[in-house]
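Questions regarding the structure given below will be posed in turn.
Naming follows writing order (A, B, C and D), and every chain is counted from residue 1.
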Amino acid sequence: MQIDRRIIYLFVAIGTILPIIFVIGLPVSITPPVQMAFDRIENQLQKGDIALVSFDYGPSSAPENAPMADAILRHCFSKGIKVVVIALYPLGGLSEAVNEVNKVVAEFPELKYGVDYVNLGYKDGAQAAMKKMAENIHEVFPTDVNGTPLDELPIMKNIRTYRDMKLVVSLATGIIGEWWANLVNAQFGIPVIVGPTAVSAPKYYAYLEAKQMAGLLGGLKGASEYERLVVNSYPKLAEVYATPGLYTATKGMDVQSIVHLIMIAFIVFGNIVYFTSKRKPRKAS
Amino acid sequence: MKRQIPLLLTFLAGAIPTIAFFVPQKHVGLVSTTLDSWLIIVAGFALLLGVVNVVQMNTNKIKRQASGWPYAIVLLAGLAIMGFFGVAGAFDKFGGIATRPDGSSTPFDWLYKYGFLPLQGTMFALLAFFMASASYRAFRARNTEATILLIAALLVMFGRIPFGEMVSKWFPLATEWIMGKPNMAAQRGIMIGAALGAASMALRVILGIERSYLGLGKGE
Amino acid sequence: MPNRVHHAKFFSALPCPLLLLLRTKAVQSRGFPPGAFSARTPSPLILLCLFATLFFPFFSAQVEGQSSLSAGVAAVSGSQAAPEAVAAGGSAVGEESSAQGEMAQTAAIATQPAPPVVEGVTASDTRSDEGGSITVRWMEPENAKELGLKYQVLRTDKPDGEYTTVGEAGAGEQECVDRGLIDGQAYYYKVRSALGAGFADSEPTQAAFSKGNWFRFYRLNALVLLVVFSSAVLYYITRARKAKPIYIRKIAGLDAVDEAVGRATEMGKKMLYIPGIMSVDEIQTIASLAILGHVAKLSATYNADLEVPNKDPLTFAAARETVKEAYLEAGRPDLFREEMVNYVTYDQFAYTASVTGKMVRERPATNFLIGSFYAESLLLAETGQSIGAIQISGTAEVAQLPFFVVACDYTLIGEELYAASAYLSREPVLLGSIKGQDITKFLLIVALGLGVVLESIGIKFMTTAFRMR
Amino acid sequence: MLSFLYKDNPFFRLAESFFAGLSLGYYIGIVMNQTLKPNLVLPLIHDFQANWHLVFAAGLGVILYFRYIKRVAWVSRWALAVYVGYYVGVNMMQKLHGEVIPQVGDTMLSLSYHGIGTLWNLVMVIGVLSVLIYFYFSTEHKGVIGGISRIGIWFLMISFGAAFGYTVMGRVSLLIGRMVFLVNEWARPLIGLIT
């Protein structure tokens, strides 16, 4: 039976838009890599510690990576961890960093720029920059994103190399995330958490097993698990995540589930109709 | 002559990187990389070939007032605006084509961000709809092959969502297994075969047997 | 003058450079008794190829052995060189090694262990490179890993000159490549083992020189494959020229081409031929253009309405030549119009939007989607499906094949795409190359089977030979 | 643009035409600024002595346009011939060395282990072999060969189905990105305006 394809499109569109507007919150089971990432920040970092958050993705994978960045930033800020933001992805990493940081910071009015967090902007040549930062971050990023020299920013006074920080979080779409694990962690020992897109997540399990990573948020699903953990631990963030209009991984995951189920339902339906309406004598194939 | 020179050129140009692949001598590598740098420029020149064709076709359309000619004006307008700022940017007018040092957009960059990117993103987003309609139509258990296709697709789709995991732990595992073993095996087979086919095609081109791309016909 | 004559000959023998080769081959082959190349018996060449395939692992293993051998030689000469250098330090070589042994022992006993001195330091030209680099190797002290030893490689260009650090390595590493050197200039190296603040220097090496090499030995496997492969292809091309028919299995997608062109003609509708979105540097595009040549010839014969929209400007230029020539060959140059092959835009999705728009408006009866495609594959194929066109697709992009298979009537999968021009034209020379390719495939299958067997019984050289360095 | 899903319409056509023009203009800018300027013009201006050979590159580029002059149109093929020849040579070695050899090598898996791993290795080996035999052109696919190539087709079908199913998630992500934009930046403000 032929259904007008527009009916299918309609279903898909509704299946996408409704969960974006109304939170459904289908249950998510927490997987160990995400739990590891959460525990690292929750239990092993103290108030006042520094975390480096690197935006290694662009607008094309923002639906997957942005919720991870948001959840990690919210978690850090709620716990009083100071955040240094950088961007290493050439195609729009900087604009993502600016957008997400501004969005999250607006939820925490008590935070001061230059004291509690700082955005150092984009640097070309990711791998070289990552190596150089082990020697001197001030040489890699002479100024922050606004052109202010680093020495004028209180937070950066005591940060020179990876040794002055407790954690690196990379939200990655390409190979840059792998470099954090197999280059920065391997050579300089700083713990690394990576949030890759779902497509590249399988590669990262090897690094996780080799203890080169302290946690892994695989794609939208990993992000939604992290959101669940954060919401359960911080009532204030639960409120934030209940804000209508805010795009979260939980919503994204709902959309994924629903659209997948719609497609499966249509396929199954199509086959049932096909078998019931099939003429008795089987055609030779 | 008209036929032989291009074939000789192809042969020579094809031999250079092949030799450079095996011989690490500096000058051999240099010949190869120099040629490479030339060809990047040739490809750059080629774009204008396309632009000339587009302008020709669309001005013709407007002249003849062929059906849909107003759209040709829109097209040319888009081309002219963006092209103008692009060329001007090359002469360092309007601050080039990227963002200015203070973070503000140059006209070219602005058009890119607010014209080009959203349109591109929207086209890309259409894919999800098309996947739904294609899967509905194509995944029918018509015969053995189609049934295998259908089952593999359903299993993987189900195993990718949390719902599948809730039903049984085995769905994500099965998905991973299918992707990692049979899928990988088939992809390898395709890749090996296709790489051999491509190499054979390449050999035919270098030897001048395959020459239709030059418009030289098949005869010898 | 004789030189010029020679050149003239060269050119006259060049409808294609291959001919020259084939002619000599043909002459040679007369020497064989008739029947030596018959289709049934495995020809000597196959045996030769088989032989080569099976034995090249041995060969590569040999080369590997040689390389370690030469490293060994370097090691010996390195230690021989030591006397001079050590003499300056005031101790004799013979005692040196035993002294080191004692030092290592004391280091192990002491509570604050001093780093063990690294032994067996050698420096030699880095093999298979273009020059300008020297590889320094050393033997790792026994307990380096437990100690967490670190190494620094020091270099000087005079025997008594000052050493500067040129490289670092951690425990577990036993070599370091020093780059950016001047070929022919003498360099001397030392390896410093460091443990916390303490360090110990090894003896300096003998003078080492870097130079450019002539062959990348680690690519020997590729050379063997190239030789086997091209001789198989050339051999079958020669044979095909002597009118030995070659069988090719049915490829449904290609049998459908005639029907698809015919249908468009009957319906009086357009045919769209989309040659992928990549440039002519992609071999799939070349394969697609070859098929386009065939389609255009049919289109000229039937007077069908063909259109080829392009995304890449060079592909556009090539496609125009191809179609023009096809119309000429079909004897209908009058039917060729320049607009048939046109240019759209360089952006993937803008191109897709234009082409899908065109499909919906002009409702072509037939779509060919053949070449290298990416994310737009499904957009094009599904739109084409929705307007009821017959669709023949083909690509070697593994990631896009599922979409074509799902949304098109026929799909040329991977290698079928490359075989298409031979299949369609039935030209013996092209068919011969397909046969040669098949023989290579057969040999690879044999090698793969053998590799699995050997790997299972624990013999590794097959996998070693196939592994790149 | 999304209205195209319903049917072709003037809005879509307008957007499509504008998009085509705009994108072509965009690439003019990119090619001028990122290819021709840094690779051709600047090297020639700054250090002609060291980069004189680039004149030939420009010459090859210009040759492409000879096709518009009838008398020398045939010369325009030269540029194409060099371009195709070079990259075909590069690709040939890349395919043989970078794809065939490592892929075959990676498939040489040991079947001597005990346990489930052996079975999976066997699946892998059989899969690759049967698919390769499916691509064997010069023998009729009957009897044993036919049987094996049938298995090859099954492997292909599993792969296509699985890869299709696997890609859904990525594509839906893209759609989510667009929809979030539409809902939050357009729909909500509009509803806000009305109420």
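Basically, a residue touches a chain if its C-beta (ideal position, glycine included) is under 8 Å from a C-beta of that chain, and two chains touch if they have at least 3 such contacts.
The structure presented is a predicted model; accordingly, all values stated were derived computationally and were not measured.
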Touch-network distance, subunit A to subunit B, counted in steps: 1
Neighbouring chains shared between subunit A and subunit D, ordered by label: B
Innermost chain, where centres are averages of C-alpha coordinates: D
Selected interface, C-D versus B-C, where C-beta contact pairs are more numerous: B-C
Mean-CA-position distance for subunit C and subunit B (Å): 20
Centre-to-centre distance between subunit C and subunit A (centres being mean Cα positions), rounded to whole Å: 36
Subunit C and subunit D, separation of their C-alpha mean positions in angstrom: 17
For subunit B paired with subunit D, centre-to-centre distance based on mean C-alpha positions, whole Å: 4
Touching two or more other chains - residue numbers and ranges from subunit A: 5, 9, 12-13, 16, 59-60, 256, 259-260, 263
Two or more partner chains touched - positions in subunit B: 7, 11, 18, 21, 39, 43, 46-51, 54, 116, 119, 121, 123-124, 126-129, 131, 133, 135, 137, 139, 144, 149-150, 153-154, 157, 160, 187, 190-193, 196-199, 201-203, 205, 213-216
Residues of subunit D whose C-beta touches two or more other chains: 1, 4-5, 13, 15-17, 19-24, 26-27, 64, 77, 80, 83-84, 86-88, 90-93, 95-97, 100, 104, 107, 125, 128-129, 132, 135, 156, 159-161, 163-164, 167-169, 172, 174-175, 177, 179
Full enumeration of touching chain pairs: A-B, A-D, B-C, B-D, C-D
Subunit C partner contacts - residues on subunit D that touch it in the complex: 1, 4, 7-8, 12-13, 15-17, 19-24, 26-27, 64, 67, 76-77, 80, 83-84, 86-88, 90-93, 95-97, 100-102, 104-105, 107-112, 125, 128-129, 132-133, 135-141, 156, 159-161, 163-164, 167
In the complex, subunit A residues that touch subunit B: 3, 5, 8-9, 11-13, 16, 26-29, 59-60, 145, 147, 221, 253, 256-257, 259-264, 266-268, 270-271, 274-275, 285
Of subunit D, residues touching subunit B in the complex: 1-2, 4-5, 13-33, 35-37, 39-40, 53-54, 56-58, 60-62, 64-65, 74, 77-93, 95-97, 99-100, 103-104, 106-107, 120, 123-132, 134-135, 152-169, 171-172, 174-175, 177-179, 181
Subunit B residues within the subunit D interface of the complex: 2, 5-7, 9-18, 21, 34-51, 54, 68, 71-72, 74-87, 89-90, 96-97, 108, 111-112, 115-116, 118-119, 121-129, 131, 135, 139, 144-146, 148-157, 160, 175, 177-179, 181-193, 195-199, 201-203, 205-206, 213-216
Interface residues, subunit B side, partner subunit C - complex: 3-4, 7-8, 11, 18, 21-26, 29, 39, 43, 46-51, 53-54, 57, 116, 119-120, 123-124, 126-127, 130-131, 133-135, 137-139, 149, 187, 190-194, 196-205, 207-218, 220
